[in-house]
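Two complexes, one shared chain (chain A), two partners (chain B, chain C).
Entry: the complex of A and B
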């Protein structure tokens, strides 16, 4: 068994995570962590839906930002997909999707302020990069045969509309709908940087200890996501798409002077701005690299590797909860509810809640990342095992798990895990905004200190790190011949 | 139209030559049946000829080339996409014009499948799919027909009626057929392919089933 490349790869990653644990800062620093956790769960089971009228507005804004952001990202992504074969386009898309929605929001906040455009662009830009990649893959997989039998002389647009789009339509629609769900999560967490979506009210309720209010918000959010198949209907979509821009709220007007100042002064590296020229640039850059980028990169990598392995372990433990090879319908139903909750809650919100309860360290981040990503992979793998037909005289219980099921799904499990590696790293970096010393922490501090030049360099470093991990993940998946559909 | 003289056709697959070098003179009015064992290179030859005479031919490839998500009407209409402007084609995608509807409808009537005009090609049976590809080739109305086993999924009477249509509508044709009797009945010239070479080339009136069977 140890000679199998998949097992060997898993063990190497496990060893890296164990070594990482020695360097990681893991602690519970609050005085009464369990009491706080208890209060929080008490809040969830005693939700207060009527405390403030802001709740419904926040929900509406969350949906509106998600729609406008995802639809504009989808349109741009589709256009980019048509020219995706050109290397500069591919690099551009990889770059814009390597920067997290919250980082985009932090950037736009500096010059558009609290204008709705900030939230829309924060979702639309990274989503356009992702849509471009996935759409172009779907278009490439279309059956080429109908295109070959078209009469010669058929126009390019006609050929595309008849021989390409119909074959891809269902896949593109499914993926876009799925992305809309991701967009709702992205939209919700934009509230944490001050936009008027759910995160804003969640943070406000938490900071005042109003756990029942926070509980009500989370429950409404789950209901919103779980009922998506009911309210996102093809016939209603045009209404949503046309209506959504009118529900983004007024925000604050854009001050164009700020926009100009941001590009011509704020993001110009300080030594150049002060006229020190290139001689001043090197010390500035090396100071930034040694004191902020390096520690940020180190902590981001350590946290990512631990969270990745924790996600893997949790997925393997979680998938039997919904697999029809174990337990009856009641237990499976409960398992479904549990996994829907963990995968619908954005890691950022989970980490925020756990951080409030346990105090700042890497532990809340690891648990949050593992719960969310483990919920997603556990759900996908569990569903996959349900379609496996076992011979009728096969073993039961743990033997069935370890002999019949895990060996059959292990490759696709690894494929999903390595696919999510880059996503986990992107999230890890962003969790720094909550006070864990990953790259996001240094970006956020630089912005707090109004040193946007430093923040931009650090965001650039984060993007490059994500692109690096994405490339490595794809290399490993190719080496092990693992294939997967995209997840978010 | 003029006939066409195909000289030095070759094709390789994975470094191994599967066709030729092979030459074939196709005269106007020839109705050629390509016969031979499966794997002899008939499909490859049809594809090679199509590459040479693209513009003037209606093609029925073996895997049909249907767009599964589009309706039967649209799949047939695709045979004339080059004769309309982009906006006309785009409008047709959303809402076909009545004269096209009637034309496609009567064409499908002659192939015995009018009631299926608006259902997606994905939900058709094998024989129905094959008739949609045949209707597309007929609708295209090019002078030359290139077809690869066009009636393999049709039952006896239907196969005969379709072959009659193809014979009457196209003056010149090259059809790969594994059914030797159909080849003798509907084609004027039999070309036998063996190991990527022409092993037999005679008018069908001088041939009997047993002459052709020696190829197999």
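Entry: the complex of A and C
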């Protein structure tokens, strides 16, 4: 068994995570964590839907930002996908998607302020990078046959529209609809930095311990996501897309001089701005690298590796919940509800909740990342096992799980896990804003001190780290010959 | 579809711009140093009062961080702000012409209280140095990273007294986000020790919402200047001659006891940038300001 490369890779990652645990700061620091958790669940079962008159507006804004952001990201992503074969385009796309929506929002807040454009761009830019990659993969896999039978002299555009697009259309539509769900999550968390979406009210209610108010918001959010197949209909889409820009809220007017100032002054490293030249730049940069970037990178990597393995373990435990090889329809239904809840709750919100309840350490972040990502992978793998036909005289219970199903889905499980590696790291970095000492903590500190030059360097470091992990993840998947479809 | 969307987007951003420009709303913000509900209640009251006094539309914008308040002020999206000592210094450095116009009566001599969970066994003392053995290795929380009473002054006294960075002196250092959170976290025992704005402590104590069996004050800092109203230098050009003076007068004449109680301040008195020199020096000393 140990000679199998997939098993060996798994064990290496498991070992790294176990070593990481020795370095990680894992503790529950609150005096009554279970009582707080109990109060929280009490709040969820006694939701107060009438707490804030802003709640419905916030939901509307959340949907509006998601639509405008995802649609603009989709259009730009599609155009980029057409020229994706050029290396600079690929690098550009890898770069913009390596920066988390919240970091983009924090950047735009500095010069657009609380204008709707801040929220729209924060979603559209990273999504454009992701769309470009996935659309180009879909286009590449299209069957070349229809193109060959076109009469000679057919124009490129005509050939593309009539021979390529029809073959890809369903896949692209499915993926775009899926991204819209991700967009709703992204849109909701933008509220945590002050945009008028759900996160704004969720943060306010939570930090004051108003769990019934927070519970109501979470329930409404789950309902919104769970009912998407009902209200996102092809015929209604044009109405949503055209209407959404009008529901982004007023915000505050943009002062264009601020944009220029940001790029020509704010983000220029302080020594250069003050005229100390390159001699001043080196000490500035090395101070930043040693005191902030290095500890940030270390904590980000440690947390990512532990969360990755925790996600893997949780996915393997979770998939039987919805697999039709175990239990009856009632238990499977409950399993579905549970997995919908864990995967619909953004990691950021889960981590925020757990941090409030357990106190600050890496533990809430690990649990949040594992719950959300484990929910997603568990769902995908569970669905996959349901399509497997077992012999009617096959083993039952644990033996069926460990000897029949897990070996059959293990490769695609690993494929999903390595695909999500980079996503987990991107989230880990951002969780620093909540007070865990990953890269996001130092980015947030720099922004709090109005030092955008330092913030930009640290965001750049974060992006490079993500690109590195993305590359490594792809290398391992290729090496193990694992295939996957994209998830968000 | 694409062009339509872009047209709508451009159109709507133009609309935002024109409505805001023609109505000339006077917008202000405040650092989010306490619970959101309290802030909205307090500052919507101030907005109504100012609107009545100044005969213009006045709007309060809630923000999620101290930096967001400073940035909105710097970007001229708000023209007036209720800043802390440090955020005010930062904002005025970034906006030439802006100035401090009023402060609370209590802000001339503001204090930070160090509070401890009673289970930590830490006993109150008059000198911070006397607490060295009791504090060393405990867990500690500041308020917001950009707070004067919740971060700058406590960090200054910790470094000054113990000769170490807080992270090296305590076993765990956190940033709760605001003063109310600091109080709740220390009360609950999440952190052994915390530092907070003395006015928040006194108000919560007066309201009977502190469990005094769980948390107590262990040390008080010497006095320093803190909160103030800071206004942009270009408001007269936008809102008419003498507007800055009218805002100043309105704030100094604010006598509504309920509104003052919500701050809580007993009244507002004139302030100037020079009052905050000690804050600027302290911030430079611990490396928060370049």
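Note that in this section the second predicted complex is superposed on the first by the 488 of 488 C-alpha atoms of A that agree within 3 Å, B and C clash if a C-alpha of one lies under 4 Å from a C-alpha of the other, contacts with A are read in each partner's own complex, and residues count from 1 in each chain.
Please note the rule applied: a contact is a pair of C-beta atoms (placed from the backbone, for glycine too) under 8 Å apart; a residue touches a chain by one contact, two chains touch by 3 or more.
The shown structure was predicted, so the numbers you read here are calculated from the model rather than taken from an experiment.
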Chain A as common anchor, with chain B and chain C clashing or fitting: fit
Partner chain(s) touched by A:151 [first = chain B, second = chain C, both, neither]: first
Touched partner set for A:50, first chain B, second chain C, both or neither: neither
Which superposed partner A:116 touches (first chain B, second chain C, both, neither): second
Partner with the higher number of touched chain A residues, chain C or chain B: C
C-alpha centroid angle, chain C to chain B via chain A, nearest 10°: 150
Partner chain(s) touched by A:22 [first = chain B, second = chain C, both, neither]: neither
Touched partner set for A:170, first chain B, second chain C, both or neither: first
Touched partner set for A:208, first chain B, second chain C, both or neither: second
A:255 touches, of chain B and chain C: first, second, both or neither? second
Where chain B and chain C come nearest after superposition, their Cα distance in Å: 15
Contact set on chain B toward chain A in their complex: 54-55, 59, 61, 63-70, 74, 78-86, 89-90, 93, 136, 140, 142
Contact set on chain C toward chain A in their complex: 1-2, 4-5, 8-9, 12-13, 16-17, 19-21, 27, 35-37, 61-68, 70-72, 74-78, 90, 94, 117, 119, 139, 144-146, 172, 174-175, 177-178, 180-181, 184-185, 188-191, 288-290
Chain C-touching residues of chain A, taken from the complex the two chains share: 25, 29-32, 36, 68, 71-72, 75, 109-111, 113-117, 120, 192-194, 200, 203-204, 207-209, 238, 241-242, 245-246, 248, 250-255, 258, 270, 359-360, 435, 444-445, 447-451
Touching residues (chain side chain A, partner chain B) in the complex: 143, 145-146, 148-155, 157-159, 161-163, 166-167, 169-170
